[in-house]
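In the two complexes that follow, chain A is the common piece, with chain B as its partner first and chain C second.
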Partner chain A sequence: MNANEFDVIIIGGGITGAGTQRDCAMRGLRTLLIERSDIATGATGRNHGLLHSGARYAVNDPESAQECIRENMILRRIASHCIDETDGLFITLPEDDLAYQQTFVDACRNAGISAEIIDPDLARRMEPSVNPDLIGAVKVPDGSVDPFRLCAANMLDAKMHGGQVRLHTEVTGFIKEGDTIKGVHTRNRQTGEEVDYYAPVTVNACGIWGQHIAEMAGVKVGMFPAKGALLIFAHRVNNLVINRCRKPSNADILVPGDTVCIIGTTSTRIPFEECDTVAVTPDEVTLLITEGAKLAPSLSSTRILRAYAGVRPLVSADDDPTGRNISRGIVCLDHETRDGLKGFITITGGKLMTYRLMAEIATDAVCRKLGVEKACQTADIPLPGSEEQSYEAVAQKIWESPTTAQKAAAARMGTRAARIRTGDKRDDALICECEEVSVGEIKAAIDRLEVSTLTDLRRRTRVGMGTCQGEFCACRAAGLLVKAHGCVERERADLEDFLQERWKGNFPIGWGDTLREAEYTQWVYKLVLGL
Partner chain B sequence: MKLQEYTSSRHNFEECMKCTVCTAYCPVLQANPLYPGPKQAGPDGERLRLKAPYFFNQALKYCLNCKRCEVACPSGVNVADLIQSARIKYDTTPPKLRDRMLASTDFMGSLARPVAPVVNAVTGLGVTKTVLDATLKIDRHREFPKYSSRSFERWLKRRRKEQTVFPEQVAYFHGCYVNYNYPQLGKDLVKVLNALGVGVQLLEKEKCCGIALITNGMSGQARKNANHNVAQLRQAVLDKGLKVLTTSSTCALTIRDEYPNLLGVDNADVRESVLLATRFIFEKLEKGASLKFKSGYHRKIAYHTPCHLERMGWGIFSEKLLQMIPGVEFTLLDSNCCGISGTYGFKKENYEVSQAIGEPLFAQIRSVNPEVVACDCETCKWQIEMSTGYTVMNPISILAEAIED
Partner chain C sequence: MRFDTVIIGGGLTGMLAGITLQKAGQKTAIISTGQNALHFFSGSFESIKEPSQRIVELFAEAGVRLHYSPGVRLLPLGTFKESALALEDVDIFPTPKFARKVLIVNFSGYHDFFTSFLADGLEKQGMTCRLRFLSLPELETLQQSPSEMRSVQIARVMDRVWEKVVQEVRVLLKDEDAVVLPQVFGLQDTSVPGRIRQGIPAHVVFAGTLPPSVPGIRTLILLKQRYQLLGGTYLMGDEVIRAHTHEGVVHSVATRNLDNHYIEAANFILSTGGYFSKGLISNPFQVLEPVFGLDVEYKEDRNQWYNPTFKEDQPYMHFGVKADENLHALKDGKPLENLFVAGSILGGNRPEFGFAAGQCIKTALFAADQILKK
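Right after this comes the complex of A and B.
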């Protein structure tokens, strides 16, 4: 068998693609995942990281709500190291209609979501950062999920099941024989190397960019890009997710995620051509802060770390050219039955929360095409790293008295933290001081998680995600990448890209301490290190 | 249901620019590699602790609370407060018997005072030190401060009448050391103030400022003391319109800054009226008051600024006051921590670190070779006397010695 032949090729290294690869690989298929950039670079890594209970959709979209709560419970089991089981509040403020609360609670219960009306005073004690003026509160099983970690764990598990991954590789065309897709032409964006891969089935899991890939294959999928902007605050202000108990609107969710918290989002329809260049506008920043402070007043005085925007892959439910019939539900298109194009499937729509279900649906479709009969197991078998339910248990098992960095590593890597080499002074040294990431942890990521740039490394370890935004860790991590890849010049350019990318997120909120920090970073890199 | 109370962040930790100057200035980090350093233990660690108390690191106990990191910080981050607050909030290990004993300075003082000669004789014995070292882990090298048979409070109460004749009045927060161990310092202050036409009163009933309770994991008791003392201060400051003086830089820092910042005890209405005696006296002299100095007085003095005094920015008052005394040959010692930090250096596990931290200071004292070292802190005094053999005097006592009787 040719090394470039597979059972299925998956295009797109977001959570849908990684999840689909895992599912396919677990069902015994030979899989290849192709991603033009890095994992989780699209909508996967550009959202709240909210582990939806489904409550937000309960009133208007009961079907999505039911999907969310089912997947919520599954992810708690299979992805414990990516998930923070915080719980969430839906608060009613004096300007909101308190009558909506009952509608909301009823809808939640109908969808199978436990929603408990609690006394506002209890809510204030449970979450001291909450707006003290609240007049109503409902507790729901929201949480937070780290999309980078989740994506990496899916990719890793696929690899452990024999899957292959080509990152920084773009599909330049399809290999077509008559009405059948036989494979793809690819080009590595870093080396320029061009390779063809073959498989009887190709899955388009490219989110909003799926429209482009479909076009390349000769079919039409109408996407409706909607930009959502978010702000990251420099530390956790809240430990419970805070939502507004009203019809979903702008900036009404505050999610605690690892060491930060995130407010969002906005929703603006944008032309497809702008998908690659979305930027956060001053109006969006103002709106996010103003509305965010209504959820937690201290946000108005908390340092903002970054602003970013993602593009939701909304898709017309069927061939509705007007876009009126937009769904956030899962859309799986078998282009053979839809367009007469064999060997090609598009999986899109949906959301981070339902990625596993999307993957299951897509994999079922792949298996049907290949005549493979094997049940999906992704809801039952934990992801690598999630074999223990808590990071405390992980850390205590690996180390007798874990240091803060070891505890932090256990929280990031789950049971895989056992792979970190420790005990040696050099391995224990910290690369990232803000997030406490050791040399050993970076090395473990480079070894197993397909790291070629500093930005890749950031997505896998949180290096550069802390308050200093790469000021101290970037150059240290670059040193380790030089050792791994053996090229100083390449790493120098990478370091510049990385810092530029960090500044891009700082720029829209570039005032106060964030600006001081950025200025200081500039001194360090420009004046001291001569970059 | 998960109730949580760990989301509020104080002490300006977000203003940290990660410049690491605090780490460069931390005296502990250079002597003890187990300590994560002020940046790591302070603003960096705080972000993780806000995520979950699990990320609290026991190694924060190695912090001296000398506050040199705060003096060094160009961004106004209260690094030491962050560290001490984290210890108060997250460290649930109950204090050991030894730590309780070391921390209860006023209780131990009131026990020891009636039998002071016996206690002093016993604590001075080599065999006692060996036993304390082995059982309680109080380092054998340490000299316990001697207890006095007569408390300072009793001494001053007997002179209440003669103090009331002075037109101007101040209240004196003497602290445990003056009351139980070294009343002479209090007497010296009374002498100097009386010479300036100022009478001295006691607070109705003062309790230990509580610093040793805070650093030994007994913040509940410390908060009780703080509330009690602030009520006492209000009586003196608000009702009687008095300034309240201390002769201990650490008592002053604790009452002014640790009460609101670490214990959450509001002292805003009295804070500005609590002063170190040298500042009060210096300001009086600046305004035209004068003291009559002995003729032919001569002292070669090396002045050590206690860390807590440096944090308050008041070292200058003690320096200038000493330099005003005719016949004083003055050397300002470099800014260094002596390493004892109250009860820290008494603990066996800290002894070596404590001495290593103090060594640059000790070496400079030896090379200056003064007749006496001046310093406003009693625990610096014990440390320097034990480690160098030089006598250490509070600037107030030097002043009292230099003025005419």
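Right after this comes the complex of A and C.
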């Protein structure tokens, strides 16, 4: 069989695509994943990183709520190194209707979500950053999830099951024979190399961009792009997720993640053409800060690290071209039955939280087409790195008396952190001091996780995600990438791209310490280093 | 406490103004938070294009040797930039091709010196490069801790063991006519860069590293010593928290550490720097000067503070305190007759003073001269 032939081609390196590739690969299929940029660059990496308990949807969308709590419990088992089991609070503020609390709790319980009304005093003790004026609180099993890590772990597992991955490669067209999709034309965006790949089934897992891919294949999938803006604060102000106990609205979720916390989100319809260039507006920043301070008042004086926005892949129902009836649920379209186009499936809608279920549904559809009968195992077999439940235990096993940097590495890599213990002191040297990322961890990422740029590296290791936003670590890491890839010219451009990408998220909130840091970065790179 | 002149801000600007005034017989004090831009000084005064005996002498008296030779200097990522006046250990070449063959030497495990970028940059200019790494046992202690291999820590070791570097480089050297080393020499012992040059039979170029800048910190130490030797009072780690101004005249300031004592002076110089050193502070709505509440030149619409492209000129970096042509600070549109603004806190477009470190020197001398002329 030709090296460019596979059982299934998956387009899209977000969490849905990576999850689908893992599932397909675990069921014995020969898989290829194609992504035009890097993993987790779309909605996957541009949300709260909230491990929903489902409580947010319990009142209005019980079906989503049930999906969430089921997947929540599964992810705790299979993706422990990507998950922080924080729990969450739904708080009622004086201006909210306390009567809603009972409706909320009843709906949660009906959906199978444990929801416990607690005394406001206890809530203040459990979460000292919470607005002290709260008049009601409900505790639910929310948590946080690192979408980059989750996506990388799925991709890695797919590779360990024989899957192949082509990042920075875009699909330029489909190979069609009659009414059947036989494969794709692709072009590597870094090298310009054009390659055709063949498979009896192709899965469109491109989120909001799935509309474009479907169009290219000759079918119509109506997406309704809804932009959501979020802010990252430089400190982990809260340890529990804090939500407002009311009908879901703007900026009413504060999620702690790693060393930071994230407030969001807004929801604005945007034209499809703007999906690639979404930016956060000053009005959105103001709204997020004002509403965020209602959840945790200290946010109003906490340094903001970045502003960013993503586009939700909402799908309009087939019989509703106006888009009024928009579903937030999972949508799996078999274009053979829907449009008479064979060998093509679209999986979209859904949430980061339900990616595994989406992948299972898509893989079931793929297997049906291929006549493969093999059960899904993704709910039972842990992702690589998640074989142990606690990162402290992992670090202890590897290092005996681990340093904070080693613990941080174990938290990021899970059991895979064993790979970076080389006994060579030089591998312990820190490249990123904010996030404590060592030479060894960066080498391991370059080695196994398909890194071609600094931004790719950031998504896999947190290099440059800390308070200095890459000021020092970017050029240190660039040195390591030159060593790995051997091209200085490319790395120079890459370094510029990385700084530009950091600045994009900094200038919308460019005041106070953020501006200080930005001025310093400008000085260092322009006047001192001479980029 | 009463002084002739009190200088708020102890970076390059404050120090040069203080030295100039002390030399002229004034009794001065410098109040410094300790954070200043010399910590990431490139070693070159880019905007000063003409030879200036006065500037060179002023530095020389402090033990900071400058050289004037218009040309280009090598930057840490392998590019070149025009320069004329620089520290003695920062080379300025007539043309970028400063050698035929170059040996680039780094310390093993040191990530803040960009050898491959340098090699690429030099090769583009037609030079042949060879990269080598030194493993000195003296640096092993630093490597025990994952964040100690940084410029200043290495420089402290190098003050003691620089001769070993000379020996090792002599062994490595083949037919190269130039050697590039990281700028980690001569932090305390300022003779070291010169002695390394004497000891290696090729032209030795010290190329910049990630901050902190060793030449910058050396300059800071020497200027501060000179200022104190001249009898200046250097209040380190302190900051002004209140100022008393009456009818357009500043009478006194109070500092965090000396809260109960008013520090009075006939004249004041404000040289607290830009955002980094908190000479300017900003919130979502405005840019402020926190000590005196001076008038600040900035755009009211925050969208006009930034260029969305990182590498483009950023408007916010030109914001700063308003001053009249003699550098008197403006407050509510009126000049304060005994408060002078100098250094990078100065706002607006003042091409006569240059920019960056060059602007610091020129405004420092200008402000000191204004005071002495009174």
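Just so we're on the same page, the second predicted complex is superposed on the first by the 528 of 531 C-alpha atoms of A that agree within 3 Å, B and C clash if a C-alpha of one lies under 4 Å from a C-alpha of the other, contacts with A are read in each partner's own complex, and residues count from 1 in each chain.
Just so we're on the same page, a contact is a pair of C-beta atoms (placed from the backbone, for glycine too) under 8 Å apart; a residue touches a chain by one contact, two chains touch by 3 or more.
It should be emphasised that the depicted structure is a prediction, and the values quoted were computed from it without experimental measurement.
After overlaying the two complexes on the shared chain, residue contacts for A:V528 are found with chain C alone; chain B is out of touch.
Judged by the touch definition given at the top, the superposed model places A:C468 against chain B, while chain C stays out of reach. Judged by the touch definition given at the top, the superposed model places A:N239 against chain B, while chain C stays out of reach.
Between chain B and chain C, more residues of chain A are touched by C. When the two complexes are overlaid on their common chain A, residue A:A408 makes contact with chain B while staying clear of chain C. In the superposed pair of complexes, A:R125 makes contact with chain B only, with no contact to chain C. Judged by the touch definition given at the top, the superposed model places A:E433 against both chain B and chain C. With both structures placed on the common chain, the touch criterion links A:V488 to chain C but leaves chain B unconnected. Contacts of A:R516 after superposition on the shared chain: both chain B and chain C are touched.
Applying the stated contact rule after C-alpha superposition, one finds that A:T259 touches chain B and leaves chain C untouched. Judged by the document's definition of touching, chain A residues 403, 430, 433, 472, 516, 520 lie at the interface with chain B and also at the interface with chain C. Here chain A touches chain B in the complex through residues 87, 125-129, 234-240, 256, 258-259, 298, 302-303, 391-392, 401, 403-404, 407-408, 411, 430, 433-434, 436, 466-468, 471-472, 513, 516-517, 520, going by the rule given at the top.
Per the touch definition, chain B reaches chain A in the complex via residues 1-9, 13-20, 36, 39-40, 43-48, 50-51, 54-55, 57-58, 75.
Across the complex, chain A is touched by residues 37, 40, 42, 46, 75-81, 108-109, 111-112, 114-117, 119-120, 140, 143-144, 146-147, 149, 208, 210-211, 213, 274-276, 278, 281-284, 302-303, 305-306, 308-311, 314, 316-317, 356 of chain C. Taken together, the chain A residues at the contact with chain C in this complex read 282, 285-286, 403, 405, 425-426, 428-431, 433, 438-439, 472, 475-476, 478-480, 482-483, 488-489, 491-492, 496, 499-500, 502-504, 507, 510-512, 515-516, 518-520, 522-524, 526-531.
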